[in-house]
Amino acid sequence: MTARRTRIFWMAFAVILALLIVMPFGLPEFWRRFLTEILIWGLLAMSSDILIGYTGMVSFGHSAFFGLGMYGAAAALLTTRPPSLWLALLYGLIAAATVAAFVAYFSTRLRDIYFAITTLIFSQIFYVIIFTWTDATGGENGLAFSRPALAIPGLFSLPFTTLTLYWFVLAVVTGSYLVLRRITRSPFGMVLQSIRENEARTRAIGYPVERYKIVAVMFSGLFAGLAGVLYAIQNRFAAPDFVFFVVSGEAVIYNIMGGVGTLVGPIVGAAAFLLLREGLSRLFPYLASVASQHGLALPGLAEFPYLIPLGIIFIAIVIFMPQGLLGFARRRLNE
Amino acid sequence: MLEEFLIQTINGIVVGMILALVASGLTLIFGIMDVVNFAHGELFMLGAYVGVVTLAGTGSFWLALLVATLVVAALGAAIHVTTLRPLLGRDPLNTILVTFGISLVLQNYALWQFGPVARKINEPFTGHFNLFYLEYPWYRLVIALLSAAIIAGLWLFLKYSTYGVWIRATTQDRLMAQAMGIPVPRLLTIVFAIGSGMAAASGVLFGPLVGVNHAMGLDWVLKAFIVVVVGGMGNLVGSIAASIFISLTESYASLWVSPSQAIIVSFVVLILTLLIRPTGLFVPTPK
Amino acid sequence: MTAADHSEALVRVEDIHTYYGKSHILHGVSLEVRRGEIVGLLGRNGVGKSTTLKAIMGLVHPTRGEVLLEGQSLGHLPAHRVARLGIGYVPEDRRIFRLLTVSENLRTGLDGRGVSEARKKELLEMVFDFFPVLAERRNQAGGTLSGGEQQMLAIARAMMLEPKIILLDEPTEGLMPRMVSQIRHIIHVLRREGVAVLLVEQNVPLTLETSERVYFMEKGQVRHQAAASELHADHEVVHKYLGV
Amino acid sequence: MAADLSSAALAAAAAPVGAAPVLRTEDLGIRFGGLAALNGVNFAVARGEIRAVIGPNGAGKSTFFNCLTGVLRPSSGRILFNDDEITGLSPNRISRKGIARSYQITNILPNATTLENVRIAAQSRRHGWSLFTHHRAFRDIIEKAEAVLATVGLAAKADELAANLSHGEQRNLEIGIALATEPQLLCLDEPTAGMSAGETDDTIALVRRIARDLTILIVEHDMTVVMGLAHRITVLHYGAILAEGTPAEIQSNPRVLEVYLKT
Amino acid sequence: MTDNNNRDDWEEAFWYSGKTTRRRLVGWSAKAAGALGAMMLVPAPWRAAFGAAKPFKIGSLQPLSGNAAAGGKTALVGVQMAVDRINKMGGINGRPVEIVTGDDESKPDVARRKIEKLLVEDEVDAHVGGFLSNICLACMPVFEENKVVNMISVCLDTTLTTTKCNRYSFRPYDYAPAQAVAFAPYLVNKLGKRWHLIYADYSWGQSTRDAYAQEIKKAGGEIVGGTGIPLGTADMTPFLSKISGDFDGLFAIEFGKDGVTIGNQAYDLGLTKKYKWAGDGALAESTNLPGLGNKIEGFVGINRYIPVFDPPLNTAAHHKFFDDAVARLKQIDPSGPLPDRYVQSNYEAMNALKIGMEKSNFQGRDDTMKLIEALEGLEMKEGDDFPQGDKVLRKEDHQAFIREFIFDIKDGKHRILETVPKEKTIFPPACKFASS
């Protein structure tokens, strides 16, 4: 990237970050929380972009990393008094990284769809274990716990408000973005991209490709776990549903929708998909209420299954925007 | 113990055959089109619903089976032409997403159209025989046999018919098939229709064992996917073998460990198989 | 079928450009093959000979220029329609259907065209006459044939379409000399039958010997054309474009 | 066949620089199904030598390269590099031992710049596991890559996408990638395939230039290239060595003429 | 050679001609949507009666899509029935009631978002709903945080009113321990001493299994074995065929889709003939009966509500409830199902809330504490509000105790075998509210 492009990038980054920082002031409470959640799902999607977009591997195991991050945080928050934010982060990351290492060790021997299916099976194994081991995990009901305070022991301790939680999540996600961005531009990250472009050649010039893949999966899992911890802190519960492979599928969806290999694309994808879903779920009741204000009763309109138009719009996006929402900017964001 | 073992063998084979029927449509679509069809479970479910409606109208199970297969096959063709053809030549990931969208639409449409109450398909005949301490319904064996017959029919179709030869040729080399004058776009639509029809047939056949509802496809689709990959994508025989293999593993495992652990056992076995034979268990190795 | 004068072009390629992703492969290729004519297309690896054949076949659609068959533009017709209009294709690496038997391989081009059963039999007999070894192996999987047999199968398969022209891409690549002479024989037979051939080859002597005219390609363009008979004497040109 | 000509001792003795063989194969064989693609190949190449391997299509030249570089695992025999057994090692291990190759079919990273293609290869020896430093911070790697680009004549195209290079430039980039891994032995698989006469001459000059510090194995169809470059030539036919000798010897060898040079 | 080419033309017209066709397709769908809209135009309902009075907003989170949609849809019918009736009768404290629904898609993350929307953005005054236990549990802290009353209407999990009880959440219907207390004597005395339990292998199934095991033992019976079945198992035969041996009865704890599956497959294997066949009433819910056909004949279960008019359910109130529910269910399901306990408990939960709001003269969220106090210990009398029967909402744990019906299935219909009065279902409270 030329110096000028670099300057433009960082200026845009600063502007967007500043906008994101002040955005909650203009938003009602619900949307502040929703924005926080979008950032968290965006982080999950971003973590899987390391594999999909940079290494060329599609993982369906991210739900396991995400979920284990949650349960790791839950373990810390349930066992220590007072609940400690940093311990929750630590436990969650350790749990996610351990699982990621385990999954990576086996699955990276396989390629393409076989890799995807193996990671999927692994996440299902963890799902079944968590779902049925009621004594430890709460089973289907999951675990509920209280939110830790934003504290540095001996210095200060502030209970999270919606606003501070949002900023905290924004800080973590921004930090993660910067770290991941740096990783993708480090020699290591360049090797990953080289694997994506041409695995055999990468091996032939001397790189132990399998080991690189294992580390990539571990990093990806670590950040997915971080997203899990943030989700746990925001929502104060952990549930096996988050380990179910469908969550991995959603991460892939956010990636494709936003544009793979851009890191920010997946966040945009997550935002687009979640906002679209939220918007459509409100549309039909809204139409029905507008109609009834005009003296019309449209029975069934408010209950119209909004997932049908969601599905159709989604299909249309995939067909007509092959590069995803941010795909056009891929080269620019990637250099 | 021996009794239980034999019973579980029969169970494993019966479940395996149903799974094989679901998976064979999937593997056909997968193998020839590179389409990972996430909507397969929904086509299975729609087949069952069309079966319910036809059965209510005509009273004939067999007619219901036929009508469901044809109607869903036609729907499959329509889905293919409108949503999957535009993706030809794109990354297969796109097809995963589009079929995910389709499954969202179909599932919610079924809920909207048919309502929340579980429906019933009555088996065409009742009756059972004694299997040690159990009464075993004949219908279960009939399903297994019918599944086998349908798969055999598919196999004969692939082996001998013009379209069958074309499908196999296209599976191996799509570009060359086209250069040989095989109308590949139309062929892909037909394959998707056949796969959809098979999903529907399995939905109707399986209907009498369970209730029919909008979420019934979910229980099969994940396992069917695993089976397709383990069997070697696009490999019909491999999928059948893998279906029976996974079902038997699960059945036997349930003799020794708790049911939920049995699922884990079968998953672990699957991962091991993949690690040993990375491109599927039963792939023929062309020289 | 329009009645056509024999001197008229059967296939005419007019200034086609193709891209593979971002790289520009063909930079305006023009050539023509007349009815029943054997035409050679020579050039080094990677100059776009195979791509030219693919473009004629409709497997690659040119972004500029067009391909005409009997004066009719093929436009962006999909390959299977092009095949049915009478163009046979024998690709570089043969690409036979390895898991299909020999007769199934042959059937792929025969079925579904509304050809009568009797005619189908006739065509099969004809092909098996040309290639007795294929008749022997009719129930063997294509992948089990030797390289030369596979090449024959690939040509036989294209012949089943009763094409007006066959596009032959490096038919002798990797073949033993004995097989090479058999390919030479097949090309002669095709000429006798009135089937035009567009032949891409590395084997210069074979090309010069079988072709009536030869085009030379360099960097995605046709740079030179000549009658084969002239070239026998003119080693200069051959050396210039092929370095042999 | 021609076993007397192909013994390792003979090859070593005839090497121009006269050193011990840098690479040796003993009775190397590989089978695919029933087919023996390589059959008892005893081969040796001396340090500093340029050795051409020729033979008809399907003679086993690429398979031989694939065995040397670890892509294929031989069914029998041994491969020794600097007297170190490397038989069956993975391609990345072999690369690290100091063997590099270029490919017959252009095998580069099409969506990366020319510089990046070479830089990633140069980086394979150092800093490959560096995670948090920008890759541009490693000046040594970039300098190395730039030097390699200068060697292969692509310095002016450093920031061009590899996919947008001309065919001939891509072939040279192919060599550049191999060179950047700092090999002792460089295997070139048809480096001039598809090049125009002018480009071919440039590539010949390039190979001569880099051969000062390297041992080079080259597979090539173009006889002007082979005859102009090679110190010695090995002729493979049906997976076995048919003949070996200086270009002059090979050109006059009647068996070679029969199976290969004449068509 | 060209005779068969026409066959391809239609698809090429669609596909190769690109945009024009696509545009036409869009045009068609727009027209179709227009026609659909026109068909749905129906005259406006009553509304003017309340004048300018600001309506109470009652949130209702239900799974209207996804796995649990079947139950969520009938549950929502119950709330709508109650609200329509309340509005017809003059509203609550002179103000109309408006339902704001949320579809949780059967997923906890969506549920969490939707409940926050209801509480934070729509600022509902109270909430009636909650179907899946994990979702009820995930949402409970949000009610506490926003100080809003949560009338749970379906969630089965025991811990909602025991270890995880909460001052803001109420369960105005029964739970598994109460049903076990009510049912166990009948099981042991009338059906048999030795029981094998089949349960859905996850938290609800496991905790219900424990409740029944305890009560059956207390009643003098014996548990000889247990078989857990993973949730969503399509073919349960491998698990069911392990069940053999000498005992009296099989007791099944399954609901929804899995209830239909086990009903069919246990019958197919002859288990329901060989053993007494009983279980949680959820298995034979009226919305499950069409899927079970005649295979459920003879099943004995316990339920708080069954759609019959045997005494003591032969009341005018129940007739009214039944007729209204049947008419509404017909609209969401053409097969015309009978009301089930999900309709009933949602209907009654809304009515309980209404009474509480009236008693406390509730005007808005500021009065939440007053409303809670009014609901604690609330006695509800059988009648139009509570067609199912009398009940009491216990102060200590916000758990209600109600009349239970032990029934069997005869000719595809429920039949009351025994009515257990609410006093005989009491299970001691095990809840400590956090002091707030």
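Residue numbering begins at 1 within each chain, and the chains themselves are lettered A, B, C, D and E in the order written.
The working rule: a contact is a pair of C-beta atoms (placed from the backbone, for glycine too) under 8 Å apart; a residue touches a chain by one contact, two chains touch by 3 or more.
For clarity, every value in this text was computed on a predicted model and none was experimentally measured.
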| item | value |
| --- | --- |
| Lowest number of touching-chain links that must be crossed from chain A to chain C | 2 |
| For chain B and chain D, chains touching each | A, C |
| B-E against C-D, pair bridged by the larger set of C-beta contacts | B-E |
| Inter-centroid spacing, chain D versus chain A (mean Cα positions, whole Å) | 45 |
| Whole-Å gap between the CA centroids of chain D and chain E | 73 |
| Gap in Å, rounded to a whole number, between the CA centres of chain E and chain A | 33 |
| Touching two or more other chains - residues of chain D | 110 |
| Residues within chain A bordering two or more other chains | 128, 131-132, 305, 307 |
| Multi-partner residues of chain E (each touching 2 or more other chains) | 8, 65, 201, 228, 230 |
| Touching residues (chain side chain D, partner chain C) in the complex | 56-58, 106, 110, 161, 163-164, 166-167, 190, 193-197, 200, 222-224, 259, 263 |
| Residue numbers on chain C that touch chain D, as the complex places them | 21-23, 44-47, 147, 173-175, 177, 180, 203, 205-206, 218-219, 240, 243-244 |
| Chain B partner contacts - residues on chain A that touch it in the complex | 52, 58, 106, 109-111, 113-114, 117-118, 120-122, 124-125, 128-129, 131-132, 245, 249, 252-253, 256-257, 304-305, 307-308, 310-312, 314-315, 318-319, 322 |
| Touch list for chain D against partner chain A, complex | 69, 71, 90-92, 95-96, 100-101, 103, 107-112, 116, 119-121, 123-125, 127-136, 138, 141, 177-178, 180-181 |
| Partner chain B, residues of chain E touching it in the complex | 7-8, 11, 14-15, 25, 65-67, 69-74, 201, 227-230, 232-235, 237-239, 241-242, 244, 257, 260-261, 264-265, 268-271, 273-274, 287-288, 290-293, 332-335, 337 |
